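You will see two complexes here that share chain A, one where it goes with chain B and one where it goes with chain C.
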Partner chain A sequence: MNPARNRVAASAIGIRLDHPDPTDRDRLASSTGGTRCGRLLLAVWLCVIVLGTPAAHAEAAAADPGRAGEEVEHSEAASDRHGCLRCHAMPTLAYRNPESGEIVDLSIDREGLAHSVHGELACIDCHRRSYRRYPHPDRPAPGDLDCIGCHEDDDQNLSRGWVDIDAEFKRSVHAVSDSPKAVGFSCHSCHDPHRFRPAAVGEPIAQIVRNHNEVCLSCHGKLIAPTNTSHDWLPNRDAHWASVRCVECHTPVADFANHEVLPAEKSEKNCVSCHSANPQLLARLYHFQSEEDIARSGLLAKAVFNEAYVVGMSKSPALDRLSLAIMGLMVLLLAAHGVGRYLVRRANRRG
Partner chain B sequence: MTSLYLYPAWLRLWHWINALLFLTLIASGVSMHYAGADWLMPFATARVVHNTAGILLTIGWIGFVVVNARSQNARHYRVRFRTLIGDLIAQTRYYMIGIFRLEPHPFHVTEAMKFNTLQQLSYLGVMYGLMPILILSGWAFLYSIYLPETLFGLGSVWVVAMTHVVVSYLLALFLLVHMYIITTGDTVFSNLRAMITGWHRETDAPRTETTAPARRETP
Partner chain C sequence: MNAFAKTLLTPKNARRLLMTVAVGLLVLFVLYKVVYPIVFDAYVGKSNAPLTYANSQPISEAELEAMATELSLSARRAAAEAIVGQDDNAFARRVKVEMLMNTQSFMREHEPTHIKYFRDASILQYEGPQTCLQCHATIKVRHHDGRTSEVDTLDDIVNSVHFKFQSDGGGGFSTYGYDGRQVNAEGSRPIPVGKINRACGIPGSFSWTGWAALVESRPESTHGEVELRSEGCGQCHIGGNYQPATEKMMPIGDVPDVAKEGIDCLICHSTEYDMNQRYVIRDHVGLRWNQDRTMRAALTVGRATTKNCLNCHQHNMGGDAYLHNEAAQALGKQHRRLLHTGAKRGNPFSPQDDVHAAAGLQCTDCHVPEGHKIPRGRMGVDLVANDLPDVEVSCVTCHSIAPHNRSEHKALLNGHLDRIACETCHIRDLQDNNVVLRDWVHPTWDAEEGIFTPTDVYRSGEVNKGFTFLWFNGNGTFLANALGNNPNGSTEYDPLMRQLARIDDPEIVAAVREKALELKKTYPDIDLDAYVEAATDPLSQLTPEQLDERRRMLDENLRAHMNDGQSRIYPFKLFNAMMYEDMGNQGPFGAMILPFDYATYYETGDTAASVKQAIRDPIVQRMYQEPFKLYMMDEFMAYFGVSGGWKTDYPLVDGKLKNVEPKWMRQMGSLMVNHGIQSVGRDCVECHSPSGILDYRALGYSQERAAELENLDIVENLRPAASLSATDGG
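And now, the complex of A and B:
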């Protein structure tokens, strides 16, 4: 019998066949009164359910094969997650790495995972092979936990594909640095796959900025300590930190290579890259605000707020043009007035 | 030739410091507003220059308001409401028509009143209307983090930015007109000289024997 179908049927009556639990068995036994007759009845009932469920599923699949397949997949994934989270949802699950002596946190936030972009996946979709069984192996097998391996093909509608991201990362200071801290740096060093969720349309910019910067600060937190002087050169430093993502200045300005994190000395320090009529950095910062978002805010707001967020930008091109036109006209009028006065006086002197 | 001492030293000093600050603020303000072009000040320099000049302008403006209120100069800012409309029409007509016919100036500068009505209204508008708005919006920029998120349903920083920009354009327009109007004195440079020496001078020679001495306005 297909073990996956068994799992489905078992989960329907609250029993896990792949993770037998002595307490569950005891409870079951006591609920039936422990009699031979009761046990027999239970065995028959279980057989009916276990054998009957695949038949019912087969009927449903015949009626709507796509949907039924999806449902089975979802419930399989849910069942798989549930099994893993029985241990890994414990906030205190951790071990001490015998080599480094550091505590390695193995706990996973159930809520965070549910809301993450990977919330619908089965754990073993990423943690493959030997992670199906307990005890787990010491280290993942090659090919496990490979982001690009899964995401290689899903870049059809993205402005920046996963292959580009991989190439950017390989050029980044995180990948090329000789620092011992950068050894073993991978996608997961920044992006916790159990929590990761891309910015949603309409989410407040400040929140998006905070979420992004939290990733950087989880390692580089000492940079924002009051005693740290690394960003003292930056005018209105705290305001920048609240409104601008670290990567806006710490990745190349010319394109959207958000994963090509630059060393500090190569990071952007030129104010005009943002504060100008052609602000590439600003375009990056707000590029994830979709057209739907603008449409939702309304046309008036779009016209009024048009590129109005950064001091020194052409805040309202229409106002600038109007003002300069009025001043130009005034200069012409005054010049004409002056010429008129000169001509009259000259004529008067001659006359 | 009559000479009137109309511009005491404090006023002239304030005027020229103000003028210098105005030009500095325009140069640095334009450099930030249109940042990126090669012929402008670097943004980082313009920012410091603009903020410093703005702070000095604030001090200068407060100084002007205080000293002006306590000195004889205040009387020049009292509006003559009874003759306001007639004076305005006469003054406007003079600049548009009379000046080209070499007519005598409709306004006579005295120690009690050195401004014609148009001048008086524009200086009142500038010093007690536009300048405080400019200064307040400038300081609001500096301390925008203490502003509420929105003002009148619009983003605070945007409201502040637009107010500052609009008032700046209006004051730049005032500066243009001001620099032209001072050439309409007795001679092209007589009003400029008056603001340097303090003495308003004009020739007594009337254009006709029967009319009173023609006077020109001071800036």
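And now, the complex of A and C:
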């Protein structure tokens, strides 16, 4: 395993080790264990604890010998980051590229990095050691900053493996295009590793859509200019842009290949792919909906509004409420009608 | 009631009603246009009269042609010499210049444009604004937001800071009173803000009382013979009247037409303007400033150039004694202007000392005018008026946020922009004669000039002596103290109790003591220790209660405005002065300072008599009366940090000063310095070393962070490279 990955795994376990230190517990045992009975009780109690948390205990035992080392590595990573961020956290760390005249931004947002998936890493885990000193090498060596190189073993935790992602990307228009603009396209063209944080289940869908589309629009911003007509065929264009990600249509609909970005002409134009009883969207975008969210509103939504047919149906809560109200009124009317007929029949019988 | 309405609406009565209204309006108009100005002049004790200038003489057509030829030749020669200036062979240069001088297109291009216009229109005499307005009654103005509009030229200039030196309503900078309120913010009672009503430590006077003075000097060289010298605020302001545009202070009323006729268009627009024509003259009404109204000046009008601006503005940048101040070489054909030898800022704008001037940039390239309104930028602490407070004037407008291109460490240098203003590194020092502490109360005899001059107790252009570094977010106080704070939100950064309120540097203290010793020879009453203490620790003049009140006001009223927006470290020129103060209007930041009468001051050195003379001026007397109190002085005092409103106890009773004491202002003022920019900035270790020029702890950094900034390992690696790039100008 790659050392960087190792540290991430270790720290993930470390978070779960949030109970009193075993040595403390021993001290507790020896001080309270005065009588035989007391010792027996303690043994039973310990058994309960051990049986109750077998996994935690096993992990604790496994991780324990490495803990001291891990802490050292942690603080080493922190001090390494501190060293680099002394300069790179300066928001105006930038220079003008002499060839293009463009300003190249070298600054890293301290907060963004801390909250990113790479926030715990040492900078030299990805950047070569020679970057530790200033002045730095002019450019990274080939093979540096290679995401797959670090991540190829991570497959077990992800719905899509890194190898799959790599393969998808290599099929994508970003990789195969002859356009001079696509030269040198890499993971970093879209994903800033100093900020990257995958969308989490439970995040508001609209937020996820916005974040994802921002990545695409950072290059394809022209498409949303008021004069651009490329998406005019799409009914309710702006509503679509606000509620679904570009990749829903611009990657093969059949699978989760989010990185296999298709050329415009091959992109999905079939409405039914989403607007059907078996919609792709539910599996893709809406898998970010948390169980709680679904439990809170989804059950009713599914039962009453048939969300599965048209995702979110009208997307207009007012309209949804109105139809619910009409339905409720209908039920009331039916009930009133039934009661009326019952009362009439009883009156007739008496008469 | 109904019947009454009916009778009123009969045709006859309706006509009568209309007549009454019309007559009423006419009466009001006459009252406003005729009676109000007379009453106002009488109230403030100012006078107006038609203005004449001896040098505004008609010339013959033959004279015009001769002048045209001469001016064309000299303009052409100047242009040709600028073009071939690079050629280092003198003979080759001469030949090339001669070739250009005889090139047809070159001749056409470099003839002053107005020669043709004046010839065609048969204009043979320059009579001031009325001559200009014949063609330029209106001008097209391009605004910073891209709008264009057509404005009345005279109106545009009359309402500009250059004429009235104050801003309307909310103009000026983001200035905060010590009471925590923004000056002239929306909803507050607007007061006129600018130099017009500000007795300032540097000029020592109000523009009202110090507009124009003739001083009888007795220079050594003439052995007691009196030479009249000119002095006063009017030397740098374009109004040619007997006083500043006082009328503009009022919510109604306008400057009289005769005063507008005194506007000096040519000082800004003529390349041949003769500063020797600028001196004080006396006529039957009073004293006023002469100006160059010759045809020679008029024939060379054009857009305002750097040279025009510097006619006045080198005075407040490089200073009057600055070697390359051209205007100061032409002091007047008679009544020569008095030079102010101590510099206000000491940061010259000249090819010798400023990289932009050396590159041939015009002032208006950065201060892009909109008609006659000229922007000063959005940041400033000096409470001086600003025509276009919303228009940005900044380095990054041209240089972008990545200005360094030559150095190997360009990215690192650019990285500093977020915290450090460009000026912090690119103004290494100010002129030596930059005044830091000025004592107006104990003047010194200047034998060469034959006048008493204020004593500059301490002058220095050195870093952390003549200027220091403060956090600045664009806000300033009512007495010109930069506001801002360390972005870490520090509560330790406390400029109004530390950097601006105390001088610890033993070298400065020693220099002040030496100067005080010297003064003591003339003024034996001076208590040496007390004098040095007051000058270097002005807070020592406050009582413990006043100190507590000051602390409270700083925390409650100013802290929030210090934390506003984004602060960066800027260099600020420091200044304090000892002046006479009206102790009845005192607060924890200072008291109302009283102006000096220049003639009395310079001639007799009797400073108390000079104050008495100045405050006898009717407008100062009005200031101490109820209408002015209600109109502006109460508000003025609130911003000044004086509680309880303006006390109208006139400080001159039976010919004696009452409740008036000489005091140093309770803190130093801080003036922004933005010119005198040097191409090569500071070296890294000038700041990043334990003995660096930035006192990180005083700037609100934590001990650990300060230690880190002082001992950057990286800087040692940079040193050779940084100095290498410095030698080639990187």
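Criterion: the second predicted complex is superposed on the first by the 220 of 351 C-alpha atoms of A that agree within 3 Å, B and C clash if a C-alpha of one lies under 4 Å from a C-alpha of the other, contacts with A are read in each partner's own complex, and residues count from 1 in each chain.
In this section, a contact is a pair of C-beta atoms (placed from the backbone, for glycine too) under 8 Å apart; a residue touches a chain by one contact, two chains touch by 3 or more.
Because the structure is predicted, anything quoted here is derived from the model rather than measured.
Legend: residue contacts after superposition of the two complexes on their common chain; A:Asp125 is shown touching neither chain B nor chain C.
After overlaying the two complexes on the shared chain, residue contacts for A:Leu334 are found with chain B alone; chain C is out of touch.
Look at A:Ile103: by the touch rule set out above, it reaches chain C but stays clear of chain B. Of the two partner chains placed around the shared chain by superposition, chain C is the only one that A:Cys87 touches, whereas chain B remains out of contact. In the superposition on chain A, A:Glu214 makes contact with neither chain B nor chain C. After overlaying the two complexes on the shared chain, residue contacts for A:Glu111 are found with neither chain B nor chain C.
For chain A, the partner that touches more of its residues is B, with chain B and chain C as the two candidates. Overlaid on A, the two complexes show chain B and chain C touching no common residue of chain A. By the touch criterion stated above, chain C contacts chain A in their complex at residues 400-402, 404-405, 408-412, 414-419, 708, 712, 714, 717-718, 721.
Put simply, chain A touches chain C in their complex at residues 86-87, 90-96, 98, 103, 106-107, 133-135.
Across the interface of their complex, chain A is touched by residues 32-36, 42-44, 47, 95, 99-102, 141, 144-145, 154-155, 157-158, 161-162, 165-166, 169, 172-173, 176-177, 180, 183-184 of chain B.
Interface residues of chain A facing chain B in the complex, by the touch rule stated above, are 235-236, 238-239, 271-272, 275-278, 304-305, 308-309, 311-316, 319-320, 323, 326-327, 330-331, 334, 337-338, 340-341, 344-345, 348.
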